[in-house]
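Please go over the structures that come below.
Two complexes are shown next, each including subunit A; its partner changes from subunit B in the first to subunit C in the second.
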Partner chain A sequence: MTDWTGIGISLLKAFLVFFGVVNVVPILVWAERRGSAFIQHRLGPNRVNIAGITLFGLVQPLADVVKFIWKEDYVPSHANRAFYVLAPVMLLIPAAMTFAVIPFADDLVIAGRTIKMQVADLNVGILYVFALTSLAVYGIVLAGWSSNNKYSLLGAIRSSAQMISYELALGLSVVGILMIYASVQLDDIVRGQGELLFGILPKWGVVTQPVAFFLFLAAIFAESNRLPFDLPEAENELVVGYHTEYSAMKFAIFFMAEYMAMVTGAMLIVTLFFGGWQIPWVESAELKATVGEIPAFLLQLGAFSAKVLFFLWLFIWVRWTLPRFRYDQLMRLGWKAILPLALANLFVTGIVLYFT
Partner chain B sequence: MPIDPSQVKVLRADEIIRAREDTRAWWKRLYLPAIAMGLGVTIRNMVRNLLNPGGLPTIRYPEERRDYGHRFRGRHYLKKRPSGEPRCVACMMCATACPADCIYIVAGEHPDPAIEKYPVRFDIDGLRCIMCGYCVDACPEDAIAMTKEYEWASYEREDFIWDKEYLLSWRDEKVVDDGYQPYEGEIDKSRMSRGTL
Partner chain C sequence: MLTEYLPIVFLLFVGLVVGGVIIVLSWRMGPRTRALSIGDSPYECGLVPTGDARSRVDVKFYILAMLFILFDVEIVFLFPWAIMFDALGTLGILVMFEFLVILLVGYAYVWRKGALEWD
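After this line comes the complex of A and B, so read on.
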């Protein structure tokens, strides 16, 4: 018999998670612009209003959307039209699919039905994430190549080189986590982080794998093409890199994909290293027994969101603090620093796990 | 002066600091402390500005304006005689002094023989004018002066050609402070010979 309620709940979850993440994007853009302004002793966008209500500039993204929709959607005559149109979609879809495996709260039990607070609890878990984030490079390469523009192409080449270099480090830095929590399923990893280490510290990934955390952080910055690793865009050298020729909604899609990649990155950091939805020193079962099922769910969702928002802010904060790497420095850091460190970390983790 | 060979210090190989050598401690070479310090600087500035947005140097333009000095060289105006006529005698001094060649004057004969001439046309091309104020300095009759007006954006090129009537009357409609004015003090003639009045 078909479980229609189950399908309905899954669809609802998929919709809500997608809707939630898409709506984080304009708020992030706002935070980026206002935050950077205050860091640089400016005010940032604070003029756009609806009937005098500016909401500290939060109405600005609405105006941006209207502008993106009504701008001329121009395709250069020298571009390869089919691939040119396909490229933003190729970038957006992996970015929009990645967070399907991220758990954002403990299982919810309503009317005898257990609902996993995760769009899809795949048994390949983290591998699915890596598979999809590597797909993103195709969108960028396609955009750079089909634009038939030297700056776009250079941006795309840089991007692919950078992604290949840092994907390795990204994967290797996570292997230690997988060894400690003995699972690739993100739900299991989050549950494993609910315990206490030595009875005082929460057994978060950042406590058990501090070196891996820093390596992962650097790699995820590089993967999402954010400063200090934004060489594919590098506006003072390459105009804006792979999306130079794009305008209107196509450009908006690139923009959204970048910010969604940031959201995914922040969610991954939180899930792997900061206990996901776990509230430190509070057992999930105890919490549910004390405050009830729904409030416990809301608290965990709140904890997860707060952690994710902090890391999203870190992305913005770092962008307005650090200068961009030179290309050779980028490659040296990736291959000669992060990669050996990740391998050494793996080795040490293996030895420690073997003797305990 | 010849160098005394006995005074020359020969550096041993380990005394030479090569420019490319990184002499920092290993933990500094990780850049992590420096990154943390940088993040501290940015967040400190941001929190300070968030708590006190009034302390930001931004001038919120349409509501707030910068108070320019009394020598600000904004849009020109023509001064009038008590009778309401322009004080200008169409001597062409300003048009001659103008480096941008933006003043166009057509002279006419004035019925009063004490005045002799008056401008039939006196046009300033606001798009050519470089706001140097030489016309104000050149005028022997103190007939042209400048204001603090700087908001004259328009969609039409014609709006930037200010004719005689406009230059005489635009300040009746808009209240603007005086800007650069003709020099009124005693002229130090000993400095004039050096051309540095």
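After this line comes the complex of A and C, so read on.
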């Protein structure tokens, strides 16, 4: 018998999570602009208002969207039309799918039905995330190539080389985590992080695999094309790289996809290294017994969101603090520093785990 | 079961629809002015563009792509081993370390050959 309620719930979950992540994007744009203003001692966007309500400039992203839609949506005649239109969608789709396997709270039991707080509990887990993040390269290369502009093409080639180089670091640094928690399913990894190490420290990934955490963090910054590794968009060399020729909402889609990838990256860091929805020193079963099912769920969701927001702020903070790397420095860091360090970390983890 | 993948298909569909709607909306709403103007040429900061954009690409990028395939496949081998680490015991760790050492020799060779140099 087909479980229609179950299917309905899982589709609803998928929609709600998608809705949530999409709505984080304008808030993130606002945080980026206000945050940069705060760091540089400026005011930032604060004039746009609806009937006098500015919400500290939060209305600004709305005005941006309106303006984007009413701008001329132009396909240059030198561009390859079909691919040019397809490229932003190709970038948006993986960005909209990657966060599906990330758990954001403990299982919720309502009316005898256990609901996994995760869009899809796939048995391939983290491999699914890696598969989809690799797909983002297609959108970038397609955008750069179809634009038929020198800057776009250079940006696209740089970006793809950078992304595949740091994908290695991303994959290798996670192997140690998989060895410790013995699963690729993110739900199991988060559950494994609920215990205490030596009775005082939470058994978070950052405690058990500190080196891997820093390597992973660097790789995530490079994967999401953010400063200090935003070489594909180095605006003083390449205009804006692969989306130079794009205008109107197509241009905005590139930004949406980039910010969504950032949200997913922050979620991944939190899930793998900071205990996901686990509240430190509070066990999930105990919490549920004390405050009840729904409040416990809300608390865990809050803990997860707080951690993710912190890392999103870290993305912004780093962007407005550090200068950009040079391209050869970036490649040297990826291939000659991060890769051997990740391998060494693997050896050490293997030996330590074997003797304990 | 494959029903686990249903939400994934749903998200794919949502991504397609959102992308499509945004593109159509922006195409319908915007003005049309640039077609016959100078705005139609490739954007190169005001200079008159010369030559075709699709010129030859440095061979380094191809080498990098090949290296990526090699190392990525090797990482895929590491995943199942990492999960079964406890069950595989001494033999498992020795075999995998041997594999990694062979890989490291290849890595050193690539390094010595200068495939990782960017100038």
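As a working rule, the second predicted complex is superposed on the first by the 356 of 356 C-alpha atoms of A that agree within 3 Å, B and C clash if a C-alpha of one lies under 4 Å from a C-alpha of the other, contacts with A are read in each partner's own complex, and residues count from 1 in each chain.
Convention: contacts are C-beta pairs under 8 Å (C-beta built on N, C-alpha and C of every residue); 3 or more make two chains touch, one makes a residue touch a chain.
For clarity, every value in this text was computed on a predicted model and none was experimentally measured.
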item	value
Partner chain in contact with A:253 - subunit B first, subunit C second, else both or neither	second
Touching partner for A:38 - first (subunit B), second (subunit C), both, neither	first
Touching partner for A:67 - first (subunit B), second (subunit C), both, neither	neither
Which superposed partner A:214 touches (first subunit B, second subunit C, both, neither)	first
Touching partner for A:318 - first (subunit B), second (subunit C), both, neither	first
Partner touching more residues of subunit A, whether subunit B or subunit C	C
Touched partner set for A:113, first subunit B, second subunit C, both or neither	neither
Touched partner set for A:89, first subunit B, second subunit C, both or neither	second
Contacts on subunit A seen with subunit B and repeated with subunit C across the two complexes	none
Interface residues, subunit A side, partner subunit C - complex	7, 10-11, 13-15, 18, 22, 68-74, 76-78, 85, 88-89, 92-93, 95-97, 100, 119-123, 127, 145, 147-153, 157, 161, 164-165, 167-168, 171-172, 175-176, 178-179, 182-184, 239, 244-245, 248-250, 252-253, 327-328, 331-332, 335-336, 339-340, 343, 346-347, 350, 353-354
Subunit B - residues contacting subunit A, complex	32, 35, 38-39, 41-43, 45-46, 49-50, 53, 56-58, 60
Interfacial residue positions of subunit C with respect to subunit A in the complex	3-8, 10-12, 14-16, 18-20, 22-23, 25-27, 29-35, 39-45, 49, 52-55, 57, 61, 64-65, 68, 71-72, 75-76, 78-79, 82-83, 85-86, 90, 93, 96-97, 100, 104, 107, 111, 116, 118-119
Interface residues, subunit A side, partner subunit B - complex	35, 38-39, 41-43, 214, 317-318, 320-322
